[in-house]
Structures are given as C-alpha cells and as structure tokens.
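In what comes next, chain A is part of two complexes: it sits with chain B in the first one and with chain C in the second one.
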Partner chain A sequence: MLLDVRDLRVEFRTRDGISRAVNGVSCTVDAGETLAVLGESGSGKSVTAQAVMGILDMPPGRITGGEILFRGRDLLRMKEEERRRLRGAGMAMIFQDALSALNPVLSVGDQLGELFVVHRGMSRKAARAKAVDLMERVRIPGAAQRVRDYPHQFSGGMRQRIMIAMALALEPALVIADEPTTALDVTVQAQVMDLLAELRREYRMGLVLITHDLGVVADVADRIAVMYAGRIVESAPVRDIYKAPAHPYTRGLLDSIPRLDLKGRELYAIKGLPPNLSRIPPGCSFHPRCPMARDVCRTDVPPLYEVSGDRGSACHFWRECLDGGEQ
Partner chain B sequence: MAASSEPILEVSGLVKHYPLTRGVVFRKRIGAVRAVDGVDFTLGRGETLGIVGESGCGKSTVAKLLCNLERPTAGSIRFKGEDITRLSGRALKAVRRNIQMVFQDPYTSLNPRMTVGDIVGEPYEIHPEAAPKGDRRRRVRELLDVVGLDPEYVNRYPHQFSGGQRQRIGIARGLALRPEIIVADEPVSALDVSVQAQVINLLDRLQAEFDLSYVFIAHDLSIVRHISDRIGVMYLGRIVETGREEEIYEHPTHPYTQALLSAVPVPDPEAREHRERILLSGDVPSPTAIPSGCRFRTRCWKARERCAVEVPALAVPAVFRRGPAAHDSACHFAEERRVVPPEGPGAPEATGADGNGPG
Partner chain C sequence: MPEQPYEPEGAIAGTGMGGAMDLGASEATTLERAPGGPPGAGPAGKPRSLWSDAWRDLRRNPVFLLSALVILFLVFVSLWPSAIASGSPLGCDLAKSQDGPGPGAPFGYDGQGCNVYTRTVYGARTSVTVGVLATLGVAVLGSVLGGLAGYFGGWWDALLSRVTDIFFAIPVVLGGLVLLSVVTSNTVWPVIGFMVLLGWPQISRIARGSVITARQHDYVQAARALGASDSRILLRHIAPNAVAPVIVVATIALGTYISLEATLSYLGVGLKPPSVSWGIDISAASPYIRNAPHALLWPSGALAVTVLAFIMLGDAVRDALDPRLR
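Then we have the complex of A and B:
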C-alpha cells in the first residue's frame, strides 16, 4: 500500500464560522494505480490533496483528525524537515494553473535543475543537463535551446508539460494531479493526458487524479472516489460505477451528461445547490437534493456501506440505487 | 427546436483584425491579429447554431461582432435583411434591442454594487420605450420568475447568489427587452457539473416560450450537441466545417473536426479500448501569423503541397454528392471518418497517417 488515508478531517476558520471541508475521508492508492477523485467545487477534493502533500495553509486550515500513511508511516506525525525531503522525492504534485505555479523570474531550466541541486546535491552543470533530459522526456521540441526560456514564453500545453517534468523529476512513488488539464483546450488536453498515462506506466507511480470531468475519469482511472461535502460518498472500480452507480449523487452526475439518445429532451438535473460547508445538513449531507431521500436520511449519517469487496457507498438505500441504475 | 427556412441573421465575409502597432509618436502598423478572418453563416428563426472551437479561434470575437460591441473590419451582418454593421444612432439602438448577449462569467458580468432588480431592469433605462416606467418593477419580478428565481430576491446583491443563480440573473437581463436573438458565449462553462444541466434546460425552455434564436458558443462538444440544430467548427478565425448536428458529429469530413471530436473524453470506460484517438501535434498557431493556404495545415496529418498554396473554400466537397457527408467542409482532401463510437464497442477503423473510407 503506497498511500492510506484514514478518517481525515480538515476544518477552516472563516468569518462565517467553522467550515468543515473534509469530514472523515478514507482512501488508498497502490503503486501503479490511478485513483480519480471526482467532485464539484467545494467538495473537499483539493483540500484533501493539500493535506496529503503537506501544503495546506494552516491557519486558517486545521487538521482535526485522522492519519495519512505513506508507505506505512504517518505523515501527520513527521517533523516538517522530514516531510520537506519527502516532497518531490517521495510524492509530488501537478497543479492546475502552470503559469501561476511556476516561478516567472527563473528560467524553466533553473527551476527543473534546482530539484537535482537541492535533493541530489548535483552541480549546476549536471543539473542543467538533467533538465534538458527531462524536457525531452515530456516531448518539448528543441529542449536544448528552450531550457533557457522563461515560463511565459511557453504555450499552456507546453507549460503543463514542464509542470509534469518537474513533478516526475525525482521519480516519486506518488503523484497527485489537481485538475491537470482543466485549463487546456481539448486537443492539447488529450496530448497531456496521454503523456501522463504513459509516464505513469513507465515509472509505475501511484497517481491521484483530482477532477470534475467524468469523461477524463473514464479515460484514465482504475478506481474512482466521488466526493460530496467533504466525504467520499461512493468508491468503486471505474467500470462498475459507470455501469451502475450505487449512490444517488453519482447517478445524478452521470444522468446529467447530455446523451445522444436523449437529444431534444430535458436533461436530468440535480436540483438545488451543493451545501455551504459551514452549514452541512444533518444526516446525509446530500438529502436535500436527493430524489430518494426518506426520514432516516435527515437524521442518520450513512456510513460507507460495503457494496462488494472493492466498492463502497454512503447511502442508506444503496441497494435500491444500484437496482435503479441497471435499467 | 425545428428551424424555419427564413433566416433571421445572415453573416457574410465577416472580418475583424486588430492592428498591432509599434512606437508612440509615430505609430507604425507592424501587423494584425486576425481574430475573425472571413466567417459566413445564417441563423434561422427559432434555430440554435452552435459554434465550437478552441481558445483563440475567434468565437468570442464573433459574439461581440454580432452584438455590435465591436465594429467589423469588413463583411456584413444582416438582421432580417438589414445590414446592422452600417447602422448608427437611433437605428443601431433599435437593432441592439433584438440581439442580446449572455456572458460566460457570472461573477464578473454583474455589477456587485447593483441590486438584482436594478441589474435586470437596467436595459429599460437604455430603452425606455420597451416598458413604461410604472410597469418596470413588475416586469423585473416576472423575469426573475421566468428564469426560476424567487421574485422576492429583487433587492439582493449578486454576491448573495451562487454561480448558477447568477447565470440566471444574466439570462433574465438578456431577456428583458424581449430580443429575438440571444448570443450566449460559454454560458455554462464556469458552472459546476450538477448546475450546468439546470441552466441548459432553462435555455431550452425559454427558446420554446419566447421563440428565440440562439447563437451558442462553447467548447464543450457534448453540450453543444445537445442544444444545437446546426454547428459551425471554427479554427483560427474561420469556420472550417458546418452542417446539421448529426452531419458534424457522425459524418465529419474536415480533419480538424475529426481530431477535435476524437480528443473529447467520453464518459464511458468501456469505450476506452475501442476509441480511435487522433492526436494533433503542437499548438494552434498565433493569429498574427496565420499559415498560408489552409490554416490548419501545420497540424494536419494529411497536408500536402496544395494545402500550402491554395486556401480551401468552405463548400460541399466534390467527392460527396449526397448523404450526410455532403455538407460544407473547407478541406482539399475531405473524407468521411467516424470518430465518435456509435453505441457500444466496434466500428471505427484505426488508421495511422492516412485515414480513409467511410466508417
């Protein structure tokens, strides 16, 4: 087991009161596996990733419970110095917006090379050669010349490749990609996703892909965890979930995708809005928007029921939902 | 949904170039950003025309030109037969009433210091003839009701609403003057997935209720397909392929359309082994330096010498006489290639450099 997150809880202090961004998230990632974390804005997916990486802003954020085991060791009990050494070498992150994640006043060569100077104690010259090497691996044309260029001189797709190169530089065991292609055009998105999948296979990394795009998930993920209001509401192998979702929220998301055979008809729409995280509804947090909600949903928080060996659903009526999904 | 034959809007030869200059005192023109570089289309009454393309293809500039927010460099936009690009003063104002816009970002397109009632009612300040003064309050409440917001919200401010609700406010403002055409520029791309469907359904319902014609600009191909009757695919300032929705999606003949469709992730894990992916190399060229001949040739796997010298016309390719492949496509070597898997596993032939034959 590469990563094992257990009952993670994160809060933020805001003017509105305490905002509960992550409320007991548990998930695992194996080496060579791709886990997609699917959720809308405010579902807690990015905060979970930041907590794992140890880059959460604290304050206002606060980890109030849980464990994050990386290769069996709890990251939350490590000294900051130790975690710092782990970042980059053990685990790395790819951010959505490469332009703001890269340093604008350093050439990309310097930024890539810095990793080797700091973590591997290489000379500047050797680090520069490594940087060119990496840029070639992510297929940036003319790497040897472009290594001196600054981030703004690259296109969006090329910048995202540099981010990927930077994340993979020290061959980490785990990579977390937070909406890596959301800011890119579709044709460029396809290039970048393909590259990421190929490199993941080559290095046998564990990949956590954070996204809101059901299409991207279906394309690359092995397993999927659906988040809603700071909890994982459904977790399953990717094929199972698309065939028959076991949670009404997942089902609603899948049903609201425009489909060819339903053209000209009204799209299915989940009613209402995602909840404010400082006022999460009691019971099941999805109940005000759920077409299947009953009394018990308003009072009892559903645990993550075991649907089968590798599937879980946080719905009191998952069996019903599963049956309905097979129509 | 069904379109009548009589066009309400006819666009021909539309061009918008932004000059690039150097120097302060002696401004010298050193080139131009050719944002829109010769666009033709028609829009029927009650019809929805979807315009798709990647960032920088000029689709938002087209939207601004249609609403007369920018003056075109050349070309004409005929609204019910009258060229609106030459109008000014009172005549222009009258036409503007009939073509309204819904913007992409519901967070920046609403004035944070105005109440919802003032935002939705503001068009009446500019066009007082649209509603008598005493009646405006009532009209605003009615509009809020039409777009699915509580009329009691008139005195609230934009920050008190979610993204989806703000987009409804923007739509209510667009409807205030009872326009005949609505130009929607990426109206749902800033919204959460679960809220997008709500807004699309609203736009659909309003179209039927008010007999609206839509120009729907977006990059999400599945949403465009759902809402559009006809589709135009734009690349670097031009429409490269246009036709009815099923002609474009099921029988694309332009290589760019094929690549674009094949790149869209499909929400079906079963399909991932059967899919044929056309990966384009490189990025879109800069609109300041558009390639000679066919503007797509620098990324096209079929490009030959002819493509560098001769601009392909947007017309039905001679090889297709009838059938769904016979629609306008600006490619010298147009051929049909099905890239969206029909239903379930199967069909598309995996070809490398030289795709051929209908699927």
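Then we have the complex of A and C:
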C-alpha cells in the first residue's frame, strides 16, 4: 500500500468557532492506481490533500487525529526535515492554477531546475539541461529556447504542462493533482488529462485526482471517493459508481451532469447548499438536502457500510439507493 | 559665534570618505536593479516582468529623469567636490564676512567669511552619506526583522509588532535631542545610528505586510510541496516578490533622512562644526538673515532640491511598480 490515510481529522480555528474541514477521512492508494476524490467546493478535498502533503497552514489549521501512512510510515510522526525531503522526491502535488502556482519572477527553467538543485545537489548547468529534458517530455515545443521564458509567456495549457513536469521531475511514487484542469479550456483539458494519464502509466505512480468534474474522472480514474462535509460518503470502483451509486449525494452529482439526451429539460441540481463547516448538521451531514432522508438520518451518523468487497457507502439506506431510491 | 580653530580639510574628508564610497556603490546597484530585473532576464525588452515593465515606465517619466539627473549630480559632487569647487570649505577669512558674490565665490561669503559656494558643495557629501547609509541600514534591518515576522508569524511577530508600536510613539526630533545630546563623537555615525534605530519599524511594517501577502501565493505553497526549505522559499520565492514596496518606501524615506540630518545639525545635536553640513550652515546663517540672506538661501535651497529629488524619485518608482496604475 502506497498511501493509507486513516481517520484523518483537520480543524481550522476561525472567528466563527472551530471549522471542521476533515472529519475522519480514510482512503488508500496503491502504486499505479488512480483515485479520484470528488466533491463540491468546501467538502474538504483540498484540505485533505494539503494535510497529506504537509503544506497545511498551521495555524490556523490543526490536524486533530488520524494517521497518514506513506509506504507504511506515519507522516504525521515524521520529523519536519525528513518530511521536507520526501516532498517533491517521494510525493508531489499539481496545483489548480499554474499561473499562480509558478513564481512570476523566475524563469520556468530556473523553477524546474531548482528541484534538482534542492534534492539532487546538481549544478545549475546540469539542472538547466534537466529542465529542458522535462519540458520536452511534457511536449512543450521549442523547449530549449523556451526554458528561459517566464510563466506568463506561456499559454494556460503549456503552463499546466510545466506544472506537471515540475511535479513529476523526480519521479515521485505519489502525485496529488488538485483540480489540474479546472482553469483550462475544455479542449486543452483533454490534452492535459491525457498527458497526465500517460505519464502516470509510464512512471507507475499512484495518482490522487481531486476534482468536481465527473466527466474527467470516468476516463482516467480506477476508483472514486466522494466527499461531503469533510467525510468520504462513498468509495467505489469507477464502473460501479456510474452504474448505480450507493449514496444519494453521489446520485445527485451524477444527475446534475448535463446530458445530450435530456436536452431542453431543466438540469437537475442538488437542493440547498453544502453545510457550514463550523455547524455541521447532526446525524448524517447530508440529511437536510437528501431526498431520501428519514428520522434516523437526523440523529445517527451513518458509518461507512460495506456495500461489497471494495465498495463502501455512508448512507443508512444504501440498499434502496442502489436499487434506484425514491425520487 | 567664537572663532573656531579651523583644521585643514583632511579631518572632515576622513569622516565622510568611507561613506561617500559606499554611497557610490549602493546607488549603482539600486539603479541597476530596475532595468535588469530578476537575474537572467535576457535581452532587454523581451521578457515582461514587473521590473522590466517598471523600467520601461520610468524611462519615459520626466519626473523620474529629472530627479535621477539631480541625484546623479549630487552623487558626483559628493564623491568629487573638488571637481567643481576650489579651495577648502574651512578656509575662511573673517575679513570677507557677509560679503556678496565675488571671484571664486559665486554665492558670496557667510558670517565667518567662508565661501558659501564651497561649503554648499562640500555639504552635499554629508547629506548624501547620511541619507544613503541610514536608508541602507533601515532597509536591511527593517526587511530582515519584518520579513521574518511576516513569514514565521507566531510570538516573534506579536512581539515585533508591539516593539514597532513603541518606536512609532517616540517623537523623532525629541528623541534625537535626548539621545544625540549625550554623544561626543563628531562624525556621521551617531546620526546614522539614531536614524536606523528610529527608522527600522517603518520598513519592518511594510516588509512584514508584503511578505504576508507574498507567502499566501500558490507558488509559495507549490515550492513547499516540492520540498523547498524555509530559507530557500524566503530568499528565492518571497523576497523578489515582496521587495518592491520596501524599495519605494526606502527611496522616499531617504529624502526625509537628509532633512532630518539637517534638522538635527541645525539644533546642534547632529553634526557640529568643524564638520560641514547644510544644517550647520543654515543654523549659522539664520541670525544674519537680514544682512546676508545669501548665506542662508544657498544651503537651504540645496537641501530643499535634494530632498525633493529623492521624494520625487520615490514617487516615480512607486507609480512604476504599482501595476494598478498602469
């Protein structure tokens, strides 16, 4: 097992009180596997990713419980220096908006090369050559000339390729991609996603793909974890989830994808808003928005029921939901 | 005023020289920064960065060109005063007291019979030395303390913020009168030290704020996610992106330090005769304002022009570095 997150809990101290961003997230990623983490904004996807990477701002953030095992070792108990060495070399992260995730005053060559200087102790010249190499590998035309250019001189798609090159430079075993294509045009999204999938296969790395775009997930992910209010509410292989979701929230997400065969009809949307994380509803956190909610949902927090060997759902009525639910 | 035992110029030149050299070097680096921008910016004009944009703006700004010209002239004069003024600023002849302009003395003579032109020229060195060194000291101390506070936060930040509050509450002139009146050394160093002591909190606040802004950028998190250490993040990712406001405030402050030196010398706690300083000259000439106004006007005018030039330069740099004004 490459990554094994167990019952992770993260809080933020805010003026409104304590905001519980992550409430007992457990998930695993194998080498060579792609896990898609799906959920609305504010569901705790990015905070989980930051906690795993160790780049959570603390304070105001605080990890209040759980373990993050990377190759069997708990990252939360590791010394900061050791963890720093692991970042970039063992695990890396791709950010959403490459324009803001690249330093505007450094050339892309300097930023790519910096990794080899920091982790491999290479000379600047050797690092520069490596940077050109990487840029070619993510198919940036004229890499040798463009290595001196600054981030704003590249198009959005090219910038995201550079971001990917940076994350994959040291061939880490685990890559977390936080909405890597959200900031891109639809046509470019597909190219970048394909490149990412291809490189993942080539390096046999574990990929955690954080997204709210169900369309992206279907093609590349092996498994899906759906997050809501800081919990994983359903976790299943991709095929199963698209066939029949076992949680009303997943069903709601799937129903709100625009479909060509339903053209002209009003698009389905889940009622209401995600809960305020400092006032998460008691019982099942989704019950105020759930079409299937009953009394028990208002009082009892559903555990992650085992639906089948590799599938779980945090819904008291997952069986009904699987059968089509009451809509 | 009792007649002073005048010494040949060696004494004052000695105090000013080291500073004047530093000044030349620092001025050169400040000016180089703007066009060159980040290292490796490549051929001029091609890559557009904050710095190259700013330089393009500045080159077309008449306010900048004028103030830069004045400042270059001042720097030249403080490095080689003898190039445009003959004689010594201390070679005075009481017989010529309060005389009007004459050969070799286009500005006339002051109450002690000193050549006002020569003294005004030599006074530039003191002003520029004090201004530049005080600004450098303030900028370095303030950015380091403020930058670290902004980056690491926590108790150090809280402590530093309270300490800066305390320093802000000290009235500058009163503080100068109290602190400098006990100093006996007649060099620029106590004055510079006093300015650094009272000036750093201003820069420290600016640096803290701009580091806090810069550290929230995604690229800082990205650098951390790729294993960069704190020192690398601070020096390579935050500093270049946070330095602009510090440069702007420091440039404007330079002008105020020059006028503060004159103020302190005027009050008798800054530099004292036989040092040469515009403040001393203004102070010495003010009793004779009716009989010999020229002895007051020239050093005052030089001071005003110098301060104005630095403040205008700071304004121009601020406008050029603020993308919102573009």
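FYI, the second predicted complex is superposed on the first by the 324 of 327 C-alpha atoms of A that agree within 3 Å, B and C clash if a C-alpha of one lies under 4 Å from a C-alpha of the other, contacts with A are read in each partner's own complex, and residues count from 1 in each chain.
Just so we're on the same page, contacts are C-beta pairs under 8 Å (C-beta built on N, C-alpha and C of every residue); 3 or more make two chains touch, one makes a residue touch a chain.
Since the structure is predicted, the reported quantities are computational estimates derived from the model, not experimental observations.
Asks: With everything superposed onto chain A, say whether chain B and chain C fit together or clash.
Replies: fit
Asks: So, does A:190 touch the first partner chain B, the second partner chain C, both, or neither?
Replies: first
Asks: Tell me which partner touches more residues of chain A in the superposed arrangement, chain B or chain C.
Replies: B
Asks: Could you look at A:273 and tell me whether it touches chain B, chain C, both or neither (first, second, both, neither)?
Replies: In the superposition, A:273 touches chain B alone.
Asks: Given the touch rule stated above, what does A:238 touch, chain B (first), chain C (second), both, or neither?
Replies: First partner only.
Asks: Looking at the overlay, what does A:150 touch: chain B (first), chain C (second), both, or neither?
Replies: A:150: touches chain C, not chain B.
Asks: A:295 in the overlay: touching chain B, chain C, both, or neither? Say first, second, both or neither.
Replies: A:295 sits against neither chain B nor chain C.
Asks: Please work out whether A:158 is in contact with chain B alone, chain C alone, both, or neither, and reply first, second, both or neither.
Replies: So A:158 only meets chain B here.
Asks: Does the superposition put A:258 against chain B (first), chain C (second), both, or neither?
Replies: A:258 contacts chain B only, not chain C.
Asks: Given the overlay on chain A, how many degrees, to the nearest 10, lie between chain B and chain C at the CA centre of chain A?
Replies: Rounded to the nearest ten degrees, it is 80.
Asks: Once both complexes sit on top of each other, what is the least C-alpha distance from chain B to chain C, rounded to whole angstrom?
Replies: 9
Asks: Name the residues of chain A shared by its contacts with chain B and its contacts with chain C.
Replies: Of chain A, no residue contacts chain B in one complex and chain C in the other.
Asks: Provide the residue numbers of chain C that touch chain A in the complex, in ascending order.
Replies: Contacts found on chain C: 37-38, 40, 42, 47-51, 153, 217-219, 221-229, 232, 236-237, 240-241.
Asks: Where on chain A is chain C touching in the complex?
Replies: Touching chain C: residues 50, 53, 55, 59, 84-89, 92-93, 95, 97, 100-107, 110, 114-115, 118-119, 148-150, 152-153, 163, 166-167 of chain A.
Asks: Using the touch rule from the top, collect the residues of chain A that touch chain B in their complex.
Replies: 40-41, 141, 155-158, 185-191, 193-194, 212-219, 221, 238-239, 242, 252-254, 256-258, 260, 263-264, 266-271, 273-274
Asks: Going by the contact rule set out above, which residues of chain B touch chain A in the complex?
Replies: For chain B paired with chain A, touching residues are 1, 54-55, 162, 164-165, 192-198, 200-201, 204, 219, 221-223, 225-226, 245, 259-260, 262-272, 277, 279-280, 282-284.
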